[in-house]
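Okay, so chain A shows up in both of these, paired with chain B first and chain C after.
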Partner chain A sequence: MAYYLGLVQLIGIHTLLGLSAYVLMLTGQLSLGQAGFFAIGAYSAGILTVIFELPVLPALLAGALIAAFFAFLVGFPALRVKGLMLVVATIAFSEFVRLFFFNLSWRVPRGDISVGPDSTNGFREIRYFVANGWSAFEITAFVWIFVILVMALLWWADRSRAGAVLRAVGEDELAAQSVGINLTAVKVAAMTAGGFIAGIGGALYAHTATYIDHLTFTVLLATFAIAYPILGGLSSVFGTLVAVIFIQGVLVEGLRFLGDWRNIVFGLLIIAAMNLKPSGLFDAPTARMLKRAVGLDGRG
Partner chain B sequence: MENSTRSGTSIRAMTFASVAAAALAVTLTAFAQPALAETERTVKIAGWGAKSGPLRSFGVNSEAVLTAAVQAINDAGGVKLGDGTMAKMELTYYDSACNADQAISVARKVESQTEALIGIGPTCSGAAAAMYGIFQKTVGDASDTGLQFPILTDTAIRPGLAKKSQWTFRNVPNEIAMYDALFEWLRTQYPDAETIYGGTETDQAHSRLTFALVIVPMAKKHGFEWVGGGIEGVTGKVGEGRENVMEASKSSNWLMADTNFSVQARAFKKSGADMMIISSHPFTTCGMLKEMKRQRINPKVLVGLTSSSSAETLKGCSDAAEGMYIPTGFAPITEAAAQVAALAEANGGSADLHSAAAWENAHIIKQVVEATGVMAKPDTLVADRRKVRDGLEALANVDGLMGAIGRVQDEGESIKPYVFVQADAGSWTVVHDPR
Partner chain C sequence: MSDFWFEFVEITQTVGDGLLFGATYALIGIGFTLIFGAMGKLNMTYAGASLAGAYAGLAAFTFVNAPALVVFLVSALASGFIGFVVYVACFRFIPVNNHLAALMASIGALFFIDEIVIHATDGSPLTFPAMFEYVMFDLGPYGIRGDLLFVFVVCVVSTAGLVYVLYRSRLGLATRAVSQQDVAARLCGIDVHRTNAITFVLAGLLGGIAGSMTAAAVGVLSPLVTIPLTVKGLIVTVIGGLGSIPGAIVAGLLVGGLENVFLYFRGVNERDMYVLLLLFVFLVFRPHGISGTAIDRD
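Then we have the complex of A and B:
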């Protein structure tokens, strides 16, 4: 059971990572900086529980706020560029963050060992959950409380004026501006919200993995972050969840028994999925079909 | 026209449904619980390592050697259980890449979804450091909900990892002892060599830490001086002055993904050192060696990292590596070691200081299972795993391929015999055997 619960935790954490990119993509911004915000959340929360011995909840919220603060700062210069230029700029930010933690050494004595980030040696002993007797089920529930909260908030936002504003900016900036939408405020807000969500994900990741190092937060992680909403589709927050389940559950874990063939089949299935469902695995027709199936389409 | 569009859409929908159904079937098959009601009892073990990504060869080699070891044990009659029954050993090997998430996921899967008594892996030190963290730190501590499942790692070599948990053990060489002895020996072989210079791949913890904590301090301990100074804080004691080493070598270091080494090689050439050190894995070791050859850099002595004493280095750059010294915990110099090297090759891999440990691990597990009275029944699984862990902790000495392996009981580490090898005409030749 611990294995399935571990997998469910990982799916939850990667869903948060994907949702952090989803928010930005609604405004038409493609960012590879999510790995950087994820890393900031992970290291900040880890330092707070390990070095300052704070409980996990305030540490997690503080980690998310610190990540959001940096996302806010990144949001302004990011306004000056878009498209591929924004991708390159945010990769540079992610690498800057990764290399900062690669060089960060902050060790404090704790009993007969020293704890804290140790540059290349990584940041070990982030064992708040297991050291405090949390069961795998409790850790999973804790992770998913945040996933459900974030998904519910985004789902609600998507149905409110805020969602309409985000999508309007994503569809046509000029048209959005002409009806009085403040592009700067919307884009910076989306970047900050994305940073906050990635920060939560990173903080949860650090505490479930118990160890992080700079190699965890490479451009591959940033690529996964944008791959989830692209593969899942931008029509609904559930698309990101479906894509994470498909990639982490089916492709990474489900195909492990294929051994050497796993990576080849992984690539082929991604290509097949994107060709067969170009608007995302959970596109609008799929959503309508599901609604009809569960009787939520509003028809008799 | 509309009909053909509709027909195209339904074909696409059907194809998508088929792909989705196939993916679901594949997943269900993969996640299906193994049949528990088996009539024949077997000693199940699980291995995992990097069988994909840039370090793929490490996992392939470990699996090849482990498969050969299990075959040899079974051919010799199997493993004697607590009630005298002879049971076969059964291996399942998983790909966990060089990735912390995947190593953790496989550890959880093996612990909760299989009847494996013990795990062997993973490949990378970073993945091992992460994976060890999810294990119970102190045996019997009810307040610690970490995994309770023994691990005997064969490859991840970064110093000091196994003491993270009392459930984690390693059978990897002790680099501190090996480099201490290597530089002591080189001092006698090259009395005229005075100066050293070197570089490392800084984003790989094993390469970097071994360079800064072990190799340079041990060289200094035996009278070799860094060109131009700058490592005065290094006393010869492991760990002291490691920042100075990294500062002094900052213009000659590289990253694992680097493909151009001209600047670093120029720094090596400019140093004019008698002895040059390359602390990196085979891929960048070869890149650096080829660039050194192109720039005609010929030091009196060339020293490499333990992990590069492998077939990959010779396959990649045997010419450029000619003359390089490396201490290693494996060389086919005993009958048993030569046999393992041949079996590994027959299984599509090669035996080196990392993968050969997998052979020893399978035999250590057999020895422990027989000594502790493991029953290998589904209802004794938890007790059997605990017996194997306790048996591993109690081990003082075991037979290895190169001689007796000592154990550091409270740290879960090994003290392995070693030799010094030199790249010589496309093969590793043993030049000194301090056993």
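Then we have the complex of A and C:
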């Protein structure tokens, strides 16, 4: 049971990671830096609960805000370039963050041991949930409260003017600009929101995993982050959720019998998926077909 | 005063070594930029394929005790072959205007290649044989490492070879035509897919040389190098200006030289952080790279 709850937590956290890339992709920007914001959220929140002994909720919000702040900072120079250049810039940022935490050593004495990030040895003592006697079920509920909150917010935003503006920029920048939309403001706002969401995900990850090190936050994690919305499509937030359940729940768990070979198959699956369905597994025609199949189709 | 003089010699020495080693970065950058110029797409597998080529060379050395020249040749050919396979798997059948799908597919291929290397070597670093005697040329207070000089010369020669092919052969003419205007090229009877495949093979050959040169100069091959080399290659490409070969050369040497300066002052663990910051310095002050013209297409 605890194992499945762990999986449910992981799915929730990866949904947040995927949604952070989803917001940005609505504006037509692709970022391979979400792992960096995730790492900033994870380390900041971990440091706040372990070294400053804050409760988890303020630590989590602070971690998300710090991640959002860095996303805001990166947004300005990175968004002067677009398309593939932005991909390179965000990879570079993410690797920079990873190397920063690789070098970060901040140990403080606590009783007869010392706690805190210990550069290459990782950050091992993020035991807030254990120390306060949270049950696995309570932790899972805590994670999913944030997932549901973020999804509801994004779902609502998509039905408001904000969502229309984001999508307008994603569809056609020139057209968006000529109806008076400030491109830079929209893109930086999307980047900041993405950083905030990734920061929440990272903070939750640090506290559920209790141990983080720089190797958690590699380009592979950033690839997962963009793979979810690409597979799930950009028509709604639920696509990302379905993609996370599909990849983490079905593929990663289902292929466990392959052992070490799983990662090789994973690479091949990405190649195959992109060749067969270049616009995502749940692209518009497929989504319409599925809706028709389950009788949800209103207008076609 | 003599302390200052000593330190000055140390620093210029370290910059010189970096410049020589930077030639390999220039080669990797040229590979990325070549494919970007031809198709307007990023081939994320490139550095991984180059190192896989170096592994093939190492295998030739380990199993049949091939001489140095054959080792480098095998590296280049293997990497060129991987380049072709990557083109077919990740670019050939994906719609031309879908950059995202091609990018994702090539990232998938990067993981695939990396995992195969990890499986074949159990993930542990392997020693790359020293291909030449240890030679040191003395130049006043400076010394030039023979192996670094060799790496530099090989990189210069292969770049010159590439430039010759691009600008003096029918093949190069076709490649440049496709990169400028692929519809017009097609109307002139150029087979775009064939030309793109050849570009991938050419870039792969260069990459194999760069990979085996890096391995020979460092002395170790490890799967841990793939991502840092990919990132550095991308940085060189962006700093040089996407699609510009001279830019990539200058940027490669710049990154190589500065990297050693950071190494000298800040140590090996922090070195790469400053290289990454360098990219952001360029993004702020010169977002289109050193050669700022070839960029309008993206």
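By our rule, the second predicted complex is superposed on the first by the 257 of 300 C-alpha atoms of A that agree within 3 Å, B and C clash if a C-alpha of one lies under 4 Å from a C-alpha of the other, contacts with A are read in each partner's own complex, and residues count from 1 in each chain.
Rule of thumb we're sticking to: a contact is a pair of C-beta atoms (placed from the backbone, for glycine too) under 8 Å apart; a residue touches a chain by one contact, two chains touch by 3 or more.
Only a predicted model underlies this, so the values are computations on that prediction, with no experimental measurement involved.
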{"item": "First, second, both or neither for A:I126, with chain B first and chain C second", "value": "first"}
{"item": "Partner chain(s) touched by A:P77 [first = chain B, second = chain C, both, neither]", "value": "second"}
{"item": "First, second, both or neither for A:V87, with chain B first and chain C second", "value": "second"}
{"item": "Partner chain in contact with A:M1 - chain B first, chain C second, else both or neither", "value": "first"}
{"item": "Chain B versus chain C as contact partner of A:V219, first or second or both or neither", "value": "second"}
{"item": "First (chain B), second (chain C), both or neither touched by A:F102", "value": "both"}
{"item": "First (chain B), second (chain C), both or neither touched by A:N263", "value": "both"}
{"item": "Partner chain(s) touched by A:I247 [first = chain B, second = chain C, both, neither]", "value": "neither"}
{"item": "Which superposed partner A:V165 touches (first chain B, second chain C, both, neither)", "value": "neither"}
{"item": "Chain B/chain C common contact set on chain A", "value": "102, 260, 263, 269"}
{"item": "Chain A to chain C touching residues, read off their complex", "value": "30, 77-78, 80-85, 87-89, 91-93, 95-96, 99-100, 102-103, 218-220, 223, 226-227, 230, 260-261, 263-264, 266-271, 274-275, 278-279"}
{"item": "Chain A partner contacts - residues on chain B that touch it in the complex", "value": "12, 15-16, 19, 23-24, 26-27, 29-31, 51-52, 93-95, 100-102, 104-106, 108-109, 111-113, 126, 129-130, 133-134, 136-137, 142-147, 158, 164, 202-205, 208-209"}
{"item": "Complex contacts: residues of chain A adjacent to chain B", "value": "1-4, 6-7, 10, 102, 120-122, 124-127, 129-136, 209-216, 246, 249-250, 252-257, 259-260, 262-263, 269, 272-273, 276-277"}
{"item": "Residues of chain C that touch chain A when the two form their complex", "value": "36, 41-42, 89-90, 93-95, 98-105, 107-113, 115-116, 119, 227-228, 230-231, 234-235, 237-238, 242, 269-270, 272-273, 276-277, 279-280, 283-284, 287-288, 298"}
